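To start, the structure under review is shown below, and the notes come after it.
For reference, chains read A, B, C and D in written order, and residue numbers begin at 1 within each chain.
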Amino acid sequence: MTEHFPILILLVPLFGALIVVLLGRERPEQCWITSLISLGLSSIISLFTIIVVLSDKVQTIRYRMGGWEPESTVFEVGIELRVDILAALVVFAVTFVGFVNTIYSKTRAEAEAQGKVPFFYALIQLLIVGLCGIVMTNDAFNLYVLIEITSLTSYALIAMGNRRAALSSFNYVIMGTIGASFYLLGVGYLYIKTGTLNIDDIRMVLGNDKLWEHQSIIVAFIFIMLGVWTKMAFFPLHGWLPNAYAYAPSMTGTFMAPLMTKVMVYVMIRVMLWLFGDKFVYSDQHVWGELVIWMSVIAIVAGSLLALARTDIKKMLTYLIVAEVGYMVGGAWLGNVTGQAGAFYHILSDAAMTFCLFIAASIIVLRIGDSRVNAFDNLFRKMPLTMIGFTVGALSMIGLPPTCGFFSKWYLIRGGIEAGQWEYVCALIFSSLVNAVIFFRIFERAYFGNIAGVKEDFSPSDSDANPDTSIKEVPWSMLVPLYIASVSVLLLGIMNRPLFEWIQTALK
Amino acid sequence: MIWQFDIIILIFLVVAAIVSLRLKDLLGASMVFGIYSFLICLLWAEMGAVDVAFTEAAVGAGVSTVIMIATVFSTTRRSKD
Amino acid sequence: MKVFGLIAVFVVGLLLLSATQDFPSWGDPRSAASDGEVSSFYIEKTESVTKVPNMVTAVLADFRGYDTMFETVVIFIAGIGIIAVLRNFEGTDSPSDNDNDDDGAGLLARFTCSLILPFIQIFALYVVAHGHHSPGGGFQGGVMFGASYILLALAFGLSKAKQLFSERRTMIFAVIGIFIYVGWGVLCLLLGKEFLNYSVLDSILPGDSMMARSHSMLVVEIGVAFTVTAIMFSMYSNLSTRGRLSKGL
Amino acid sequence: MDPIIANFIEENIVPKFNYWIYVILMMIGLYAMITKNNLIKKLIGMAIFQTAIILFYVSIGVKETGGIPIISHHGPDHHQEAEVHSEESSKNLKHNIIDKDKYANPLPHVLMLTAIVVGVSTLGLALAISQRIHKSFGTLEEDEILNELRPGGHD
C-alpha cells in the first residue's frame, strides 16, 4: 500500500475535481465539503508519505507508471515518479495549504466567484494536482505538461476576478507561455543530445559522455533557467506577478501567492542539482555563477524598494514575494550545501509566512473596504484577533526569532558567508531592514492611528465615523486558517534543526 | 522525406506567418493562420509524423481557426497593427 | 518596446542558432535521439510487448500514458476554465442581441450538412477505433466528433445543437471521459499493480497480458475521445456567443 | 563566393535547414508576442511560436531512411515476411527483427501530440480572456486599454 502513496496524493484531488464539476452550480455547499474532504485526505496521505520516506528502510520512493521496468535497456522507457524527503515536504506543504485555503474559501467563494463556485473548486483542486505532480515527477517532459496544467488553471483562476484581473491574466498567459516554451526548448536540446527524457538518466548521460562543454547543452541550460525564472518571477522577469496576484479573487490570491513561485523554485533546484548535476552548474568554466548571484542581489534590493514604495497592502506583499524569490535563487546558486538547504528551507518557511500574511491582508481589505495602508487606523483595537495573526507573519518576514523567517534567513546568510559572497549577505540584511520599516509603518498606523499633525490626502471613509460598530471580526472560517498559518510559521521555526538536517542529508 | 518539397513548404510557412501577422484585418489574419496550420500539417505528413499531422489538421487548421474566427466575430475585426 | 523586443528576439535567435552547430545533421539515423536506447526500444519492442503496430499510439497510451492522462486533464481544464472566465449565467448582457432568432445558415448549407454529418461522425468513430493500426486515436477522433457538432451549430443554429448536446450534458461527458481514463488506471491499482499497468487486466479482459495492453489502450482512447468531443463543442459554443450560449455566429 | 561562407553554408545551413527555419519562425512568433499591440495578434504570434517548437521536435525524429512509425508486415521492405501468412507472422513476431532505421523515431511525435493539445487549450483559454477584456474595456488594443485604466487606476 505504501508504495502507491505518490499516485494517491494526485488521484484524490483529481477525482474531487470531477465530482465537484458533476455536482454543479446548485450545490455550492456540497462542492465545498467535497473539496475539503479530498484535499484533507490528500494532505493526510502526504503526511504519511513523509513518515514513510523518513523511515529507516525507504529513503526515496520510486514509482514506475504502467510498471515499465527497464529490462533490455539501461534507461527508463516509461514515466517515473520520485519522492524523496524534499519532494515529500513540498507536497505536504502544497496539499496542506490547499486544505487550509479551502476552509478560508467557504464564504469568499460564494461572494467572489459569481455563481461559478464548482468551477472554482475544480480548478483549485486541479491546480493542486499539477503542483504535486511537478514536485514528484522524474521525467523532464512530464514536468512540462504539469507546468502547463498549473499555468492554465492559474490563468483561469486569476481571470475570474475583476476586469483588471482579466488584463493581468492575459499578460500572465503571454509570459507564462514564453516561459513554458523556453523550458520545452531546453528539454528538446537535451533530448537531441542524450536521447532520453528521464531526469536521472539525462544527468547520467551528460556525465558519462562528457557533454558538458557542448554549446547545445549550455544553451539548453540557459533556456530552461530562463523559462523557470519567468514562471517564478525572478526580478527582471517579474512583470506579470504583482498585478495578477493583487487583482485575483482573494481566495485565489491566498493560495497562489504562497505556492506557485515556491514550487517553481523547487523545480529550479531540481533542474540544477538533478537534471544537470552540480558539477556542470557550479563549474568554474562558466561565468554564470557570479552573474546569477548579482542578479539575485538586484532582485532582493529592487523587490524590497518597490515594496517600500507601495501603499496598497496587497501590491506591497506581491513585491515582497519578488524579493523572497531573489533570496532563494541566490541561496541555490551559492554552490554549497548550506546555501541550497537554506534556499530549500526558505521555500517552506516562505510558503507559511506568505500564506499567513495574504490571509490576514485579505481579511483586513475585506473588512475595511480599502487596501491602502493609510486606512489601517486603530486596527489593533478593531480587529485584535486578525492583527495577532498578521503580526506573526510580519515578524517572520522581518526575521525575528522564533519564527521560521529568522532561521531560513540565518541559514542563507551562513551559506553566503561560507561561499564568500558578501554582496548577497549584505542584500539579505538590507532587505530585512526594509521589511522592518515596511511592517513597523503598518504597526504604527494600526496601533496608534493617524498621528495628529500629519496631513494626508486621504479622505476619511465611513469606517472612521463609527469605528466601533462597522468593523467586526470575520467569521471562524477565515480566522481558523489564519491561526493555522501563524502556528505553522512558529512550528517551522521551532522544528528548524531536524528539518534542516533532513534537507541537508537529502541534498548530499 | 523529399527535401525539395520540404524547403518549398518551409519557405511558404515563413511567408504565411509574416502575412498573418502583418494583416490589419483580424478575420483575414485568422484565415491566413489557418493556411499556416495547414502548411505545417503538410510538412509533418511529409516528415513521417502522420499522427502529428492528423492532429494538426484537426486542431490547428480546424478548431483553432474556428474558435479564433468566433472570437473575431464576437469582438472586433479592427486591428491597429 | 519595439527595439527592446527586437534585441531580445535576436539574442534568443542567435543563442539557439549557435547551438545548432553541434546538432547532428537533419535526418541522421545515427543521432543520439534517434539511435538511443529508448527510441530503439520503442521501435523494436513495441509490437512484441503490446501487439500494437502503430508505435505512436502505443507510446502515447501505454508507455507514456501518464502524460496522456494529464493531456486529457489539460483539455478539461481549458473547457471549465473558459466557462469560469467567460460564461454569463445571468442571461444576456445586452437584451437586443437576443431578439432575432438564430436559425443558422441557408437552405443549401443545411442540406449539405445534413448529408455529410453522419459520414463525419462515422469517420470520427473509425479514427478512434482504428488508432492501433493507422494514424489517429482518441484525440483526433474526438476533435472530429466535436467538429461535427460545431458544424451542426453553424448550419442549424446553436439552439438546435444545444438540444442534442446541452451544457449540462457536455460537462457530464467531459467528466465521464476522464473518469474512464483514470478509472481504468485505478482498476490496475486495485488489482495490485502500478497505476496504468494494463498487463494485470488480463484477468478480466480476453487474451493474454499483451492483448490486455492492446485492449486497454482502446479503452483509454475512448475516454480521451469523450472528453475532447465535449470540450471542443463547449469551447466553440462559449467563445462564439461570448458566454451567453444564446445565439451563435 | 567567399570560400569560408560557402563552407559555412555547406556545413551548417544545408544539412540543418529545418533547424534554421524553426529558429526563424520562433523569432517571428516571439517578436509578435512581445511587440504587437492587438491581443489577438499576440495570440497568433503565440501559436506560431508554439508550432515552431513543435517543428523543432518533429525534426529531431526524422530519419533519412525512415518512413512513418507504423510497423507494416506487408510493405515492400519486408518481402520475406510478406510471404508468410499474416497470422503466423504475428506468432513469430519475436523472431522477426525490425530494422529501426526504417521507422521514424516515435517519441518526439508522442511528445508533440501532447504539446499541440496544450497549445490549443492555451489558445482557447486566452481567447476567452481576451473576449472578457473586450467586454469590459470595449477594445482589444493594449495601448487603448492602458489609456482607459490610467485616470482611475491606483497603480
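Remarks
Here, contacts are C-beta pairs under 8 Å (C-beta built on N, C-alpha and C of every residue); 3 or more make two chains touch, one makes a residue touch a chain.
Note that the structure is predicted; figures quoted are calculated from it, not measured.
More C-beta pairs touch across one of B-D and A-C than the other; that pair is A-C. Here the CA centre of chain B is 12 Å from the CA centre of chain D.
Averaged C-alpha coordinates put the centre of chain A at 31 Å from the centre of chain C. Note on chain placement: the centre of chain A and the centre of chain B lie 37 Å apart, centres being C-alpha means. Chain B and chain C have Cα centroids lying 19 Å from one another. Chain contacts: chain A has residues 141, 145, 148, 152, 155-156, 159, 166, 185, 191-192, 197 touching two or more partner chains. Counting partner chains per residue, chain B has residues 1, 50-51, 55, 59, 63, 67, 71, 74 touching two or more of them. Of all residues in chain D, those that touch two or more other chains are 17-18, 24, 30, 59-64, 66, 68-70, 107-109, 111, 113-114, 117-118, 120-122, 124-125, 127-132.
Each chain pair that touches appears in this list: A-C, A-D, B-C, B-D, C-D.
Chain D meets chain C in the complex at residues 12, 15-20, 23-24, 26-27, 30-31, 34-35, 59-66, 68-72, 90, 93-94, 97-98, 100-101, 103, 105-111, 113-114, 117-118, 120-122, 124-125, 127-129, 131-132, 135. Chain contact summary for the complex, chain B toward chain D: residues 1, 3, 6-7, 10, 13-14, 17-18, 20-21, 26, 29-30, 33, 36-37, 40, 43-44, 47-52, 55-56, 59-60, 63-64, 67-68, 71-72, 74-76, 79-81.
Residue ranges of chain B in contact with chain C, taken from their complex: 1, 50-51, 53-55, 58-59, 62-63, 66-67, 70-71, 73-74. Within the complex formed with chain C, the residues of chain A that make contact are 4, 7, 11, 14-15, 18, 21-22, 24-25, 63-68, 72-79, 113-116, 119-120, 122-123, 126, 129, 133, 139, 141-142, 145-146, 148-149, 152-153, 155-157, 159-160, 166, 185, 189, 191-197, 214-216, 218-220, 222-223. Put simply, chain C touches chain B in their complex at residues 27, 54, 56-57, 60, 127, 135-137, 139-140, 143-144, 146-147, 150, 232, 235-236, 239-242, 249.
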